[in-house]
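Pasting in a structure now, in structure tokens, and then I'll have a few things to ask.
Labels A, B and C are assigned to the chains in the order they are written; within every chain, residues are numbered from 1.
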Amino acid sequence: MKTRLAASALAVVAAPLAAQDLSTTLPDAVGQVAPKLETYAQNDLFGSVWSDEQLSMRDRALVTFAAKLTRNETDSLSEHVALALDAGVTPAEISETITHLAFYSGWGNAVAAAESAAPVFEERGVSSEDLPAEDPELLPLDEDAEAERQDFVQSTYGDVSQGVVDNTEELLFRDLWLRPALDPRDRSLVTVAALIAAGQPEQMTFHLNRAMDNGLTQDEAGAMLSHLAFYTGWPRVFSAMPVAKDVFESRRQ
Amino acid sequence: MKTRLAASALAVVAAPLAAQDLSTTLPDAVGQVAPKLETYAQNDLFGSVWSDEQLSMRDRALVTFAAKLTRNETDSLSEHVALALDAGVTPAEISETITHLAFYSGWGNAVAAAESAAPVFEERGVSSEDLPAEDPELLPLDEDAEAERQDFVQSTYGDVSQGVVDNTEELLFRDLWLRPALDPRDRSLVTVAALIAAGQPEQMTFHLNRAMDNGLTQDEAGAMLSHLAFYTGWPRVFSAMPVAKDVFESRRQ
Amino acid sequence: MKTRLAASALAVVAAPLAAQDLSTTLPDAVGQVAPKLETYAQNDLFGSVWSDEQLSMRDRALVTFAAKLTRNETDSLSEHVALALDAGVTPAEISETITHLAFYSGWGNAVAAAESAAPVFEERGVSSEDLPAEDPELLPLDEDAEAERQDFVQSTYGDVSQGVVDNTEELLFRDLWLRPALDPRDRSLVTVAALIAAGQPEQMTFHLNRAMDNGLTQDEAGAMLSHLAFYTGWPRVFSAMPVAKDVFESRRQ
């Protein structure tokens, strides 16, 4: 793998993702133990799913990384960081996705993902200037929408855990979500992928709406569900489908 | 462990599973750190649960493997592959369970399971002829039942994600589920075990009914719940109990 | 890390937990890949959250360990065992938490946690006398409450899985829960933390009530939610908040 990593240079110039790149995520053991699984991977997952144009390869690589981070699949996360870089996700976006998902998928998962990304970043010569600024100028906040969200959470949960309410406002919605290193649409995209991967469709309505408010199309969302079925297992996606259906229908009205 | 693996030869001639086999899944650290846990393991889990005759040792080994694959417990999956082979699960059934659960528990988990199984297969001299054919003659399909399932899914979710609908039909119900390498009853059994392990009882009704249509008895299903409580934790099973109760009651009417 | 472990001696004399202790759970890769995540960790998680006095550092270390065990974060579990010992959790309590969570978070997770704890115990000279007795005098049982619980479970699930019903009574409520090595309040605390971490708020009502019956205050429960948001991800806690709200309200009446 080292050769491939060294040869592909910085991800800012993304080469089109090819089947042989995807194959780096398929160790030889699969063919030795379950030849049919290798065939499904090569023909269907890598052959048809990844190349389906309803969702870009870049988005597919990003949501796959988010799902695997959430599932703590540390053994194969390095390959998926490399894959994402090859598909046009920037090192800054990988970095910011890890930071973001610390809050959505759990601190330990993000820490483990940083450990998986570090050697790939080093191989590719990613330097600290390629990473998100610590204290950038934040994106503008929709104060009305935030006030509404905060009022609801404060009045509903203030007497359950004021700490949760305060951290949600101060750390998440007045800081993390406004960091420019990840486009709002992408930030919502990885959040939705994380919720599907974690089996938490009950938290998905808000974030899928937000993703679509920020530019995710319904076709892209549908293609993401189809893509994630492979990486999270079918049942996770089938539990998410009714929520997506409700969101899609409510937005048509 | 190498000695044991080499000595036990091919699993087609299964020796009865003994307590000392189960003990291979209990590292010394357990006794050093939590002696009472070791006692619970030896007396209760290995002593009473595994030997309870309501569910065969072979089925117990298969559902344990399915649950651990689903929970991505890669550190101890090799021992459970060896255990399953000792209990009479064939290499082909292990292989096909991995392929099946790629779709139900997530691709990465199946890939990791293949990596855990590969050295065990090699030690035992499992060759490619012992594995499922890639394109076998498929089992006959109940076209009416499949048409009904497909109509429901198409009409409910066709405008959410046509990709999910199509892949579910073409890859799962018209291909994977019809592969003869795993008996339909066993295929449903590992699916139900995976759903319990993943904490997805909301997806269990269809598959538990299917398992019982294909020969799983209510006593076996009840014993599986009792067995899995240890491997998935009690709460996963208590969340599955109401679903099992509903299925059992609906089938009595 | 070896030096720190050796220097800190037996945990019975707990030194106050300092920021540099918490930093042992933050590998260098985090700063290299996601500098802002390191800042959030140092300023917010380690700086404000852990030092918030609504919940003791000792309790924070215990629930963090329980959450990470439940999420099977084996890569960083040794550091969190060391941290818990530094914060005043005794080796016996660590041992008993592992035994307890075998039943609540899954056998494999507990076995993996024992493997993570063993080297830390060895470094610190923890001997078998420091561990819980295998067959101690059990705490007194509230026979009326247990009869009520058992009657409900027997009548509801006896014909689903008598094995689950029997093991729940004999192994859990007439044995495990009565072992004196972990205070009933703490046993409930780690159980609730495990349920939040596993995404099973539907099983939390009984155990949060039990924790509060045994002395956990509402402020402590609220602070635990705020603390766990970081370690399990925000969505797990937001799914647990309505359950906590209901429990808090029902206890006020």
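Here, a residue touches a chain if its C-beta (ideal position, glycine included) is under 8 Å from a C-beta of that chain, and two chains touch if they have at least 3 such contacts.
Heads up on the chains, UniProt names are A, B, C = Carboxymuconolactone decarboxylase family protein.
A quick note: this is a predicted structure, and the numbers were derived from the prediction, not measured.
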| item | value |
| --- | --- |
| Interface residue overlap between copies chain B and chain C, same or different (over half shared) | different |
| Cα superposition angle of chain A on its copy chain B, in degrees to the nearest 5 | 120 |
| Chain B-chain C separation of Cα centroids, rounded to whole Å | 29 |
| Residues within chain B bordering two or more other chains | 72, 199 |
| Residue numbers on chain C that touch chain A, as the complex places them | 25-27, 29-30, 32-37, 39-41, 44-45, 49, 52, 54, 68, 71-73, 75-76, 199, 221-223, 225-227, 229-239, 241, 244-245, 248 |
| In the complex with chain C, residue positions of chain A that touch it | 72, 74, 94-96, 98-99, 101-112, 114-115, 117-118, 121-122, 128, 131-132, 134, 156-157, 159-164, 167-168, 171-172, 179, 194-195, 198-200, 202-203 |
